[in-house]
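This is the structure I have questions about; it appears just below.
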Amino acid sequence: MQTMQMENITQHDVADLGLAEAGRKRINWAAREMPVLKLIEDRFREEKPLQNILIAACLHVTTETARLVEVLQTAGATIRLCASNPLSTQDDVAAALVQHGIAVFAKRGEDPQAYHLHLHKAADIMPAVTLDDGADLIAMLHRERTDLLPLVLGGTEETTTGVMRLRAMAKNGVLRYPVIAVNDAMTKHLFDNRYGTGQSTIDGLLRATNVLIAGKVFVVAGYGWCSRGIAMRAKGEGANVVVTEINPLRALEAAMDGYRVMPMNEAAKIGDIFVTATGDINVIDRPHFERMKDDAILANSGHFNVEIDVQSLSEMSCNIAHPRPHVTTFTMDDGRKLQLLAEGRLVNLSAAEGHPSAVMDMSFANQALCVEYIVAQSRLHRLPDRIHRVPVAIDEQVAKVKLEAMSLKIDTLTEQQQQYQSAWETGT
Amino acid sequence: MQTMQMENITQHDVADLGLAEAGRKRINWAAREMPVLKLIEDRFREEKPLQNILIAACLHVTTETARLVEVLQTAGATIRLCASNPLSTQDDVAAALVQHGIAVFAKRGEDPQAYHLHLHKAADIMPAVTLDDGADLIAMLHRERTDLLPLVLGGTEETTTGVMRLRAMAKNGVLRYPVIAVNDAMTKHLFDNRYGTGQSTIDGLLRATNVLIAGKVFVVAGYGWCSRGIAMRAKGEGANVVVTEINPLRALEAAMDGYRVMPMNEAAKIGDIFVTATGDINVIDRPHFERMKDDAILANSGHFNVEIDVQSLSEMSCNIAHPRPHVTTFTMDDGRKLQLLAEGRLVNLSAAEGHPSAVMDMSFANQALCVEYIVAQSRLHRLPDRIHRVPVAIDEQVAKVKLEAMSLKIDTLTEQQQQYQSAWETGT
Amino acid sequence: MQTMQMENITQHDVADLGLAEAGRKRINWAAREMPVLKLIEDRFREEKPLQNILIAACLHVTTETARLVEVLQTAGATIRLCASNPLSTQDDVAAALVQHGIAVFAKRGEDPQAYHLHLHKAADIMPAVTLDDGADLIAMLHRERTDLLPLVLGGTEETTTGVMRLRAMAKNGVLRYPVIAVNDAMTKHLFDNRYGTGQSTIDGLLRATNVLIAGKVFVVAGYGWCSRGIAMRAKGEGANVVVTEINPLRALEAAMDGYRVMPMNEAAKIGDIFVTATGDINVIDRPHFERMKDDAILANSGHFNVEIDVQSLSEMSCNIAHPRPHVTTFTMDDGRKLQLLAEGRLVNLSAAEGHPSAVMDMSFANQALCVEYIVAQSRLHRLPDRIHRVPVAIDEQVAKVKLEAMSLKIDTLTEQQQQYQSAWETGT
Amino acid sequence: MQTMQMENITQHDVADLGLAEAGRKRINWAAREMPVLKLIEDRFREEKPLQNILIAACLHVTTETARLVEVLQTAGATIRLCASNPLSTQDDVAAALVQHGIAVFAKRGEDPQAYHLHLHKAADIMPAVTLDDGADLIAMLHRERTDLLPLVLGGTEETTTGVMRLRAMAKNGVLRYPVIAVNDAMTKHLFDNRYGTGQSTIDGLLRATNVLIAGKVFVVAGYGWCSRGIAMRAKGEGANVVVTEINPLRALEAAMDGYRVMPMNEAAKIGDIFVTATGDINVIDRPHFERMKDDAILANSGHFNVEIDVQSLSEMSCNIAHPRPHVTTFTMDDGRKLQLLAEGRLVNLSAAEGHPSAVMDMSFANQALCVEYIVAQSRLHRLPDRIHRVPVAIDEQVAKVKLEAMSLKIDTLTEQQQQYQSAWETGT
C-alpha cells in the first residue's frame, strides 16, 4: 500500500485524490512530446544536482508542470507546488503529483482566500529556490514573508507579465533575491509565447464557443510575442485580423505583416472577437464595451485577469447568464449582448489545456537548467539581487536537443566559413 | 406540466431526458450564428409550406441539426430523427428535441444493432421526405423497407460520401425516388466542406491530443473540398503539410498551393499526423502502418469509418490502450505506438462539436429550402427518380441572405455593365 | 542561307527582324518550363495530325505562344499569327517566328488601324481553324469577313473574357462555327488564371512601380479565378487585401478567406493599389476616382482595357505625366495624383512578361490538343455551331503529363477502392 | 547654363550624364514613398546640422541613396559617393546626382580596378564621416589610407554583412574610429532586411527568369532577417520552401514556421530554386552543385558575391552561356545545366531595382539621423572607437513618423496603465 502511505506523508490540499490515475495517464501523454526534459531528467538522475534543495513552485498545475516538478524531484529536490492561477489547476494532475510524493496545494476554482493560503503553504517549505509564473509567490514573499527572503538563493520567472513586475521591483529597489527571467530565453519566448499561446488561445476560444473564425473580424490587443502568435493563428483560421498597439515599432510590424492597425476605440466598433495579451490593465474598458457590436466575444490570454475590465462590464449589464461552460453573457441596457470567456482569465488554460507539451518542453527545460544553475552558482557566490538573463549556453543547449528530438539535421560552419566570419579584409 | 406531457406523447430513445435544459442552452447558442435559417423559419411560420408532411431525418444529432428540424417543424412537418453516426450524437441535444416534441432515436455510442434499429424507427413514420447525411437511411429503405419507397416524394443528401453512394445507386438503376444533392450546392460544399471541416478537424485533433501542430509533418489524404480545408488550416497552424491524391488535377493544385505531394506509401514514412477525408476505403492501410514513425497520430474526417483500416491495425498490435478520451494507442510488435483518434470515426464530430454553426447555417438553409422545393414540385408532378442539383435560385438566395447577415455590402452591375456582358461586338 | 530565304517567302509585318536571335534565345528559355507541349510536339512530329490545315491565330505574341505555333507547324499546319493586344507583342519573338517560317503580323504598340489590319492579314489565310485570346478574330470574321465563315471547321478561345463574349454571340444566335472554350478546361483556368495571373500581375506591378506591397491596402476588383490569384499573391506579399464583387457567392468566399469585402465606392476611399480583373467595363469609374487617396496606383489585369475608365480619368485631370515607363500620372484639379499603369491594359503583359511558361504549358497543351480534336472530329462530322467544353480526356491527359514532368507521383485506386466507390450497400 | 557649370565644377566618373533627366524622374518617383526622409530634410534645411562637414559615402547608387545624399547635402554637408557593388549602380541616378552637384564615382559593371579606384576617389574628400554598405570603404581606409583615419569623427554601416566585418575588426583591435551599426536599428533590420529583401529578391528572380514559383521547391540558405523575408515571400508565391541553417535556434523557428529544415547537402538534391542570404562564404559549393537537379536556379541576396562558389561552378562546366540578361547557364559534364543569376551578386539590386523606397525611407532616415548624431556628439567629445548601437530615441522617432506617414493611429497608455506597469504589488 505504498500509495496510501504516500498520501499519509505528503501534505496536500487538492480536489480529489481519486483522480490520480486519470492525471497520471495525461502526464504520460504529455511526456511523449517532452523529449528535452526527459534527457535532462536522465542526467539529473545520475548527478543529483539538487540534492536536499527545498523548492517552492507557483505554477499552473498542468501535465507539463507535473513533468517539471518530477524532474526537479529526480534531481534530489523536495518541492511544494501551488497554483499560479485559481482557474487553471487540472485537479487530476494535482492528485497524481500528490501520489508521486509532491506536496500540492491547488484546487481548480479556488477562491482568492484559498489561493492566497496556498501561496503561504508553498512558502512554508522555506525555499532555497522559487519558481514563479506571474510572480505571485515572489511578491507575496516580499510583502508578507520577508523573514524567508535571506534563505532564498534565487528564483525563476516564466512569463512576460511576471518579468515586467519583477523589473518594477528591481527598479524600485525592493527586490531582495536574484531572479532568472526564463521568459527572456530565446528558446522560451520565441516558441512558448508565440507558437504555444497562438495555438492554445484559438483552441480555448473554439472549445468555449465553437464559432467559425473564418470571415470574422478578430481584434488582437498587442503585438508582442504572445499576441503575434494569436494574430498569426487567427489569420491561419481565415479571420480578418485587426491589431491594436501602444508601441509604434510593433504597430509598424503588424501593418507590414498585412494586418489592419488602429486604436481600440476604432477596433471596438468592428470586432467580432477580441483577445487581449498585453500584460497591462483595462485594455478593453467601458468606452470600448459601449461601442461593441451585439454578440461580440471577449477573451484574454494575458497572465492576469485585468486586461478586460470585467467590473465595468458587470456594472453596465442588466442581465448576466451562462449559456455554455466558460461563457458569460452580459446583456447591456440597449439589448446588446457581450460574450465574455473564462471570466476574463487566461482562455487557453481555462477553456483548453494550456500550451502544448512540445513548447512547454523547451520552456521547462530552461526552468530545470536555471534552477540547477542558481544552485551551482550559489556554491561559489550568491548571484546579485537583480534580474538575470538565462545563460546563452543553456539557451543553445535546449535548442540543439530539441532539434535532435525532432530528427532535424542542420549545417555546421566549415573552417573556411568560420575564418571568413572573423576576417574583415576581404570585400568586393 | 406541458413538458411531462410532451415526453409522454413523443416517442423517443435518447440517453437522458434530464439533459434537455443543457441541450436547449447549447441550441440557443448555435442559433446565434444561424441567421439564414432564422429568416427561413420566420417565413415558414407564416406560410406553413410543409403542413402535414411526414419527414424521416438521419442526421448527426447536433445543435445545428436541432435548428433544422425545428424549422421544418415550424413549417408544419412532423419529424422523426435518427443519428447518421453512432458516435456523433449529442445526448443533451437529443433530449432537448424530444422535449420540443420531436421524435428522436439516437444515443451517443450506440452499438450497430441499436443504430440500425433507430434507422427503422425513423422509417416507421412512413416519410414523404427523407433527409440523409451519408445515405444510410436511403440505402436501408432501398434494401429493407421497399414497401415505403412509393410514398417518398423525394430526399436530400448532405455529404460528398452520400452523393457518391447515391450516384452508384442511380448508375446501377436501383434508385427509386428523386434525391437532391444538397452537398453540391455552392453555398454548401464551398463553405461547409472547406471552412467547416477545416476548422473543426483541427479542433477535434487538438481536443483529443493537445499536441503542437507547428513544425509537424501533417499528411492529408485527398485534396477535395474537405481535405483542402484541412490542409489550409493545418498550414495555418504552422504544420508542414503533405497531400496524397489519386486525381492528377487535384494533385497538381495541391503542388501549386505549395504542399508536398506524394503517394501514401512515401508519406507514411515521414508523417507525424495523418488525416483522411477521401470518401474511400482503406486509404491508410497495413503497408502504411508498417512504415509509420513511432507515435504517429491517425484521424479521419471522412463520413464513414472505413478510411483508416482499423481492423488491420488491431491485428498488427500486441497492446491496445486508451491514454486519453478519444485516443487509442496501438502498440506494434516492434514497439512502435500508433495513436488512433475517435476509433477512426469523424474526428470533428467525435472529439469536438462538428462544424461551426455559421457554416451549417448555409448547408441547412439549403436543406430546408430543398425540402420545401420537393414538396412544392410534387404538387405539380413528382420529380424524376435521379440525383437532382439544388436549384440555382436557392443557392443564390442563401448566399445573399448570409452576406446581409454578415453586414457585408457588395456591388451590383450597372446597366452599362450588364449590356457590355451581353455584347460581343466591342473588342480591342 | 536558308534563313534569308525564309524571310523572303514568309509574309510578315514585324518591328525588326534583327531581333530574331534574341527572341529565339528567349523562346528556348521558355521551352525549359513547357514539357507538356514538348511531348505533344514529339507525337505531332510522327503523326502529322494537322497536315495541310490552315490556321489563323490571334494571340499575345510571347515566347509561350511561339512554342504553341511551332508545335502546330510541326503537326503539319500552316499558320498566320496576329496579336490579341496592341501592347503585348514581344518584337523579338515576332522576329524569331518569322525566321522560323511563320507569318506574323504584330508590332508592339501598333495603333488601332494597324491592329485591325493585322486581324485581316491573319484572316487572309482562309483558315480552317482559328485560335483566339479575347475573341477579336472571331468577332471580326463574323462582322467583316462572313464569306470565310463556312470554311472554318472550328475555333478555340483562351480567356474568360473571350468566352463571355462568345456566349453572348451564341445566345444572340449569331455564332456561325463551333468554338472550344479552352479557358474552361480545369488544367487551364485553375492554373493559368489563378497562379499565372496572380504571379504575373504582382510582377507587372513591381516592374512598373517598385513600390513596397507589404502594409498597403490592395483592392482587387472581382473574385473569379484571375482575381483570386491576384488577391492570394498580394496577401503573400504582405498587403492588406480588399475584394469587391457583384456575385454574392464569390463575395462570401472572399470574406471567409479573410479578406475585407465592400463595394468599390467604399474601397476607393482606402485603397493604395487597385487591380481589376472582372471582364466588365468601367469597374473603376469617375465616382471612384473622385474618392481616391493621393498617389493611388491603378492597374488592370482583365483582358480588355475597359475596366478602368481611362477616358474619364483624362477628362478629370489638369496634368498628365509619365514619371516611369508604364506609369502615367494624372493630376486632378484638387492636386491629387492618380498613377495609372500600362494605360489600363493588361499590366502583366505590358509591364512584365505575361504568364510564366509553366502555366502556359498547360493552357497551350489544351490548345494544341483541341485544334487536333476539331480537325479529327470534322473528318467524321462538323461539330455543332456552339460553345464546346474541352473533352475531359484532354484535360486529364494534360494534368497527368504535367505531374510526370514535375516528378510528382500520386496514388491510384486499388481494386477494392474502385469497387467501394461503385457500391452503395455498405454504410455505417 | 547652370547645368553645364555644375558638370564643370563637380568631379565625377559616371557612365553618361545624358541620363540625368531619366534619373531625376526616377528619384522623384522614389521620393513619393520616402516621407520620413522628407520630414528630416525639411528640418535639416532650417538647422543645417552638417554645415561644412565632408562625407564619403560608399552605397548602392540607387534612387533611394540619391535621396539620402541630397538630404545630407541639404544639411550643409559636401559629399562624395562611390558604389558599394560594381553591378548595382543605376547610371541614370549617378548622372542626376552629378547634375545636382554631388561628386559621384560609379559606373554599372565597372571592373575591380575601377571599383577600387572609385573608393579612393571618395576617400580623397578627406571625410569627417563615412557611410558604408558592406564596409568596403572603412576596410580600404584601414588598409590603404590610414593617414585619413584621425580625421574621421565616425562612420555608419548599413548591412548585416558589414556589421559582422566591423565586429571582426573591433575584436581584432584594429578599428580606429567609431561606427554606428545602422543595420541593428529595429526600424532598419526588421523592415529593410525582412520586407525589403523579401520582396525585392523575388522581384529580381522573376525579372531574371520569369519562372513560375508556385509548386517549386525553393531553398533558402539562412533564416536571419533577410532570409526569413525571402522564405516568407517565396511561400507567399506558392513555393514549397526549404530552409538551411547553422544556428539551432533559427533552425527551430524555421521548422515551427512550417518550413522543411535540412542540411544543404540534402536540399541540393531536391531544390528547383536556391537563394543564399547568410553573410558567409561558399554556402553553396562544389559538393552541392554535384547533387543538383538539371535546370536548378541559383541566386544570392547576401551582400557579397561569395555565398555561391562561382569559381568552382565554372571549373565544373564544359559550357557557359547567357540565355537571358542576368542568367548564366553552366553546363556540367554530365549534361545537367545550372542557371546562375546575376553572376552570384545581389539579385535584387542586379536584376531588379533593390529595396522598395518605402523601407529604404526608414533605413536612410536612421542613416541621416546617425550622421547628425555623430557630428553633434563629436562637438562634445569623440565617440569611442567601437561599434555603437543606434540611439533608441532615433529608432523610436523613425517609427513614429513612419506610422503618421501611413495615416495609422495607435493607442497610448493611460495613466492607470503606466502606473500598473511600474507596480508589482497587485497580482492574482
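All chains are identified by letter, namely A, B, C and D, in their written order; residue positions are counted from 1 within each chain.
The rule we apply is simple: a contact is a pair of C-beta atoms (placed from the backbone, for glycine too) under 8 Å apart; a residue touches a chain by one contact, two chains touch by 3 or more.
Owing to the predicted nature of the structure, the values given are computational and were not obtained by experimental measurement.
Both chain B and chain C are touched by A, D.
When the C-beta pairs in contact are tallied for C-D and for A-D, the bigger tally goes to A-D. With each centre defined as the average position of its C-alpha atoms, the distance from chain B to chain D rounds to 54 Å. Note: centroid distance chain C to chain D, computed from Cα atoms, is 37 Å.
Chain centres here are Cα means. That of chain A falls 39 Å from that of chain D. Within chain D, residues 195, 214-215, 235, 238, 252, 255-256, 406 each touch two or more of the remaining chains. Interface residues of chain C, counted against chain D in their complex, comprise 25-26, 28-30, 32-33, 195-196, 198-199, 203, 206-207, 209-215, 232-233, 235-238, 295, 323-324, 327, 352-353, 356-359, 406. Within the complex formed with chain C, the chain B residues making contact are 84-86, 112, 115, 134-136, 139-140, 143, 164-166, 168-169, 171-172, 174, 186-187, 190-191, 195, 244-249, 251-253, 255-256, 261-264, 266, 279-283, 304-306, 395-396, 399-400, 402-403, 406, 408-414, 416-417, 420-428.
Within the complex, the chain D residues that touch chain B are 214-215, 235, 238-241, 252, 255-260.
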